[in-house]
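There are structures below to look over.
Both complexes shown next keep chain A, but they swap its partner, so chain B is in the first and chain C is in the second.
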Partner chain A sequence: MPISLNYLLKRILLSFLVVLGVIVFSYTLLILTPGDPAVKWAGNPRGPGAVLAIELARRELGLDQPLHVQIAKFIYNVFTGNIGLSIAYKVPVTQVVASAFTSTLELLIVTYLFGVPVGVVLGTYSALRRGGRADSIIQTLAVVLASTPTFWLALIIMIILQAVFGVVPYGRIDGRLAIATNFKPITGFYLLDSLVQGNYAVFMDVFVRVIPPALAISVYPIGVLTRVTRTLVAEALLEDNVRAAVAWGVKRSTILRRYVLRSIIPPIVQISGLSFTYSLVDAMVVESMVFGREGLGSVLLDSLHKADFRVSLALIIYLTIFYIVVNTLVDILQATIDPRVRL
Partner chain B sequence: MKKYLAYIGVIVVIVILAAYFLVFYKAPETAPKRIVIYAYNDRITGIDPSLEDDTGLVVLGAVYETLTYYDHVTGEVKPRLAINWTSSEDGREWVFYLRRGVFFHDGTPFNATAVKISVERARDIYRETGRGLGYIWDAVEEVEIIDEYTVKFKLSYPQRLDLLASAAYAAYIFSPRVLEYSKASHYTDKALEEWFNRGNAVGTGPYKLVSYDPMREVRLEKFNEWWGWKEINNPHAPDVVIIKIITDPPAQYSGLIAGEVDIACSVPRETVKDLVSRGFKVINQSTYHNFILFFNTRRYPTNITEFRLAIAHAINISTVISQAILGFGTPASGVIPRGFPGHVEGLTYPYDLEKARELLRKAGVEIPVKIELLYQVDYEETNKFAMIFKSFMKDLGIEVELIPQDWARLKDIAKGVWTDPENTPHLIVADWWPTIPSPFDYLYTMLHSESKEWNFAGYVNPEFDSLIYEAWELEGVDYKLALKKYEEAQRIIYREAPVIGLWDEIRPYVHSNRVELPEGALNPMYMYVVRFELVRVRS
Partner chain C sequence: MEPSRLGKHVLLRASKKLRFKIGLVIVVVMVAMAILAPYIAPYPDEGLGRVPLDGEGRRLLPPSPQHLLGTDTLGRDLLSRIMFAARAALMQSTIVIALSLVIGLVVGSFAAYFKGFVESVLTYLTELFMAVPSLVIALFIRLATNTPGYHVVIVSLTLTWWAWYARISYVYAKGIVELDYVVLAKLAGLHPLKIVGRHILRVIFQPMAVQAISDLGSALLEASAINFMGLGLPRDYPDWGVILFEGLRELSVIAFIRAPWLVVFPGLFILITTLGFALLADPLREELDPRLSRRWRLWF
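What follows is the complex of A and B.
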């Protein structure tokens, strides 16, 4: 077993402390900034009763208590899964967060299912042709891709599709088609939901719509992975075992598959994991602003605008947990596939 | 070798399946439905018919009905769930005769009991907790059921109850059976509020609520048993309405172009011409949504009337309208928008730099002087206004520090005028749309000294206060005299300028050729509400 119990316990404890720290810091920051959640909770009251309404709302939200008590209660609520209702929308916070998360996550999963293989193939090809024309073209391309602003690229994709093909990649699903085919979201991952329901029309519709934003977001992981893969493959090709295999006349494809690619998988997984969390930020920016898809970015911004501190905090906490989980999973995966790694 | 064969096998199966679905699969055929997708610009803040005070109106307006309906064209109150009404001479007793043969979406017949509990719930929650907009029923002492279809309201002071019954908020009638559905112990029980806001609604409106996701979309379905279908005779009304939340104006524009939005309420103004050239139709709807500049009357130098008037005369509102809102507005005359009851013409401050300089001299304020302007950052128009305003003030030698904030923070800072005026900005730009068709809505809320949550000017004038209370009560006895009192109150505001009206908004509603929006489908009293029952969908 490459992963020790001790490591896992340490990791969980550390993650717990990180989440606690994030809660305390974010809660304090959100409560201290102007914008009284009690006003919204009381229903923007007017007339002589307004002062009473806001006072009662403040009490109901627990905002009349000392800050440390508020934070302690909030932490308790987070870990018992009861953050309560959203201040602005009056529905459970978990519903608001889940709805935003699934949309963004679906987009990211498609992005990486496309981006990782492309990056690895380009990097490998470049390494095999190192010093050649193809290598320099790919390397230049990788640098350009990794440094292209996603927001700008998203707009360019949108304009090209619209001007050249007359297509507007817009929204997440065709509302009319969803009604006509009786599509019912179950998990919130529309690609999965439509497949489960055997609704292939909706599946194709959702799939076609996810491609343009996924393409825009994928340039960063493609650029990074191309460069990393090239370096890793080039290094692996100089390893003694590879050189010995070449000397023994082992087939080129076998060498590549068995000795080279296998050895680079662990670092590729690690880099993908890191850039996945980075791409989350890209997705939050382009999904709603350019492609009209709902998601984490617009919900977070909106909750901040509306002083909905419960939704803001929940999103921050879940994003932190998401970050931790992705990184932990990457470490575990690395230890599982690379016998040299012991955790 | 076996391994390769397995790989190839899997790939072949995937390719065949994909090809099969792409080529042969057809969406299950269902009866064609007239579906209308309406792009709305904000997430829904709740759908409790008695308590909702904000964006939920867009849903409530289609699912529920009020006793009366305010006709913005004629300024008259029209029958809705009440077919007729009478009032006593002193305006303290009102009898409403209810429409027969009306059913709620759950099949429960509409009657006087429903009216009684709906009104009492909004009023009682307001009385007990101050929440919601139930203050509109503040005068109601007793709701007496005379018979199944007659209900009498006894008031503690005179009111125009027919006008109040047409309010955009807190006047919706819901089924008495909601108590049973929600398992609430009483109509004021929090459990009922939570039940509504979870996405439940039982009204009598032409559309019933089918699904509710306040973050994404709300789905409505035609209520075939609605009493009004035979009256409006619209066989092309939508069967399904999707209220799609699209907060970004450019995304609404893209939605129209992509053919996935039929009606959009918030496209970027600069795209309207382009949309027209692409064949879309535009309805430039005059609204009761106006923008107002508040002066902090409790801090130097905006506590000096001449200084405030100097600023008022230095704003070239025509430039603001053409540059900040691309012509989608009309210069405000006072704080009550055009077309709204009690609006008075001639309460504008002509752009006159000479006069402004003279007033500035009279004010005795040493120039250059620095003042702060607080405005809402997420409104494109207020952002542009702030820039233009800054350049106007430069002409007077006044330096303006811009303080952009989102609405929640703006409100929190602005109401500091009562508790900490020295640290509250000198100027605040805010906007308003009404709940009830009465000048009281604007004048009381924004300028009465009791209204500490919304009077961002910190304005106190006992004469003004008593005038509008007097007018408010007179509305129920002598409406014309009441309007005169309101006018008198507005003239005080014009002279003292604690606030100045900037512009009344014109909102371009853009729709595709798939749908037709006849006159009456939009009503500024019910902001953003589309009367889908009047919309015609082309096959």
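What follows is the complex of A and C.
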């Protein structure tokens, strides 16, 4: 593999520093704002247990110590995976975020498994018919798709489903069906779990429920990838090797597959990775507000409404780590498939 | 070509394209709507959020001659609210993009010009703010200030957006600092600030400005999403995202989609405005970067 150890070490160090920076930034923001941080950390408790809860929080945070000691303590807790119990859910914060994370990630993966191929096919077709009617229709469509607010489209999809089928999907899984068929989550990716258990009823249920939000979120990757692919394919068609192949009389479909589409894979991977992290926000909004799915979006809203500061901190930290991991994976993937890229 | 003349040339050629004209019309109409809202809105008071006295009987009326786009859950005229909301939309996106552009240009060009420590620190800061989703920063700004308002949207989006501009202008500037005229200016003893301002910023400003115009739409999309989550502007505030959020909160999803006019129109305005900015920026980008508008002969 064309990846040097030096590069990996540098990358890991930088990522580590970025995560540290985010922790310091978010922690300071919460502590330095008006209000007693211990009260905030305890979740603004009221009633008989309040004094005890606040005292516990004060000890947990070490608020009598200077800010940098507190932050150091908090960073230690983060990296040992111990941010404490969620105030709203009464379970470890890491557990809350992790289970929400799998739900949102499942939705995003389905979205991209659908969106990326559609975008690439549309873009390629558009490039082959460049200047023609199909090209201008696809290009217009791509601009409109990329300009569509996904949360609004999700609502429109709901209206259409209501009009056509008379029912709309709400939630991630039919709870009664899951209990009736004795479905047990293992990894948290319900599609995978139900397949492993051979529970096709639950699989179909989960699958049908994931399609509408995935459709809504997919407009962004489809719009972006259509436009990018068109430019990439059109540029690749001008390369000398393609001209030479045409002159040699190689079949057009073979040229397209072997010389054109293969050469655009690395940039496509890069663009998909970038928009994947962007779509995360879309997914959070759509799943929680419109489709009533449990996920990062609903955790975010809960943490706001219940003043669950630990969950908020966990969210910002783990999402940062997720961004970094995705970006690093994309770079490594690119170096693996594209021999010109050396890291 | 000198930057200012190039700018005129690009603008002139782009303005002949149909897409540019459509985009311009959309943007001008939206700006006019924002400015003239108090005069052209049929029910200006309700547009600003006041609930009418006879609101009870006017709840959720479908579109009619009295209420062209229908009424909302509290009986307010939807068209009036949408017209006033154009103000929030334009304000949020322009402020976010303008702030991000200024910060990004300065950080990017300084990082490229001053190598070594400054470069490392600025690159690190860029990486840092690119790694955090805007929605989560919005949550933190909201938690920290404990009040809804413009600041949530503007601070959270600017914090994530400037980093992109910093990175793009860093890449542009990196290509320029090695050019002969910059090296010569340095040798001639010109003050670093002057070199950055006169020889780097002026050159990279145009492609960055075009990028910024098309991003006005993306910023609007993200701002609307934050407001739709109920993190940004307060309830009753005239904003397209807030109108949708309110409908969803007042009714459940099931009831909300039974009042389709309340769902369709606010989102349609977000879509059209975003589209307007994209259509305006695209021809400019093509003229600025001739590779994009190259006519490919249909030989394949």
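Note that in this section the second predicted complex is superposed on the first by the 312 of 343 C-alpha atoms of A that agree within 3 Å, B and C clash if a C-alpha of one lies under 4 Å from a C-alpha of the other, contacts with A are read in each partner's own complex, and residues count from 1 in each chain.
Here is the rule we go by: contacts are C-beta pairs under 8 Å (C-beta built on N, C-alpha and C of every residue); 3 or more make two chains touch, one makes a residue touch a chain.
These numbers come from a predicted model, not from an experiment.
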Which of chain B and chain C A:L177 touches, first, second, both or neither: first
Chain B versus chain C as contact partner of A:L145, first or second or both or neither: neither
Partner chain(s) touched by A:V51 [first = chain B, second = chain C, both, neither]: first
Partner chain in contact with A:A38 - chain B first, chain C second, else both or neither: neither
Chain B versus chain C as contact partner of A:L300, first or second or both or neither: second
First (chain B), second (chain C), both or neither touched by A:R130: second
Contacts of A:A201 with chain B and chain C, given as first, second, both or neither: first
Which superposed partner A:R252 touches (first chain B, second chain C, both, neither): second
Touching partner for A:L108 - first (chain B), second (chain C), both, neither: neither
Residues of chain A contacting chain B in one complex and chain C in the other: 33-35, 158, 162, 168, 170, 288-289, 291-292, 304, 307
Chain A-facing residues of chain C, complex: 124, 127-128, 130-137, 139-140, 142-146, 217, 221-222, 224-225, 228-231, 244-245, 248, 253-254, 256-258, 260, 263-264, 266-267, 270-271, 274-275, 278-279, 282, 291-292, 295-296, 298-300
Of all residues in chain A, those that touch chain B in their complex: 33-37, 39-40, 42-54, 56-57, 85, 88-91, 96, 99-100, 158, 162, 168, 170-171, 174-177, 179-182, 199-201, 204, 288-289, 291-292, 294, 298-299, 302, 304-307
Partner chain C, residues of chain A touching it in the complex: 14, 17-18, 21-22, 25-26, 29-30, 33-35, 128, 130-131, 143-144, 146-153, 155-156, 158-159, 162, 168, 170, 231, 234-235, 237-238, 242, 246, 252, 255, 277, 280-282, 284-285, 288-292, 297, 300-301, 303-304, 307, 309, 312, 315-316, 319-320, 323-324, 327
Residues of chain B touching chain A in the complex: 21-22, 25-28, 30, 33, 35, 37, 43-46, 48, 51-54, 126-127, 129-133, 135, 138, 193-194, 197-199, 213-217, 219, 240, 242, 244-248, 250-251, 254-255, 257-258, 260, 378, 405-409, 411-413, 435, 444-445, 450-454
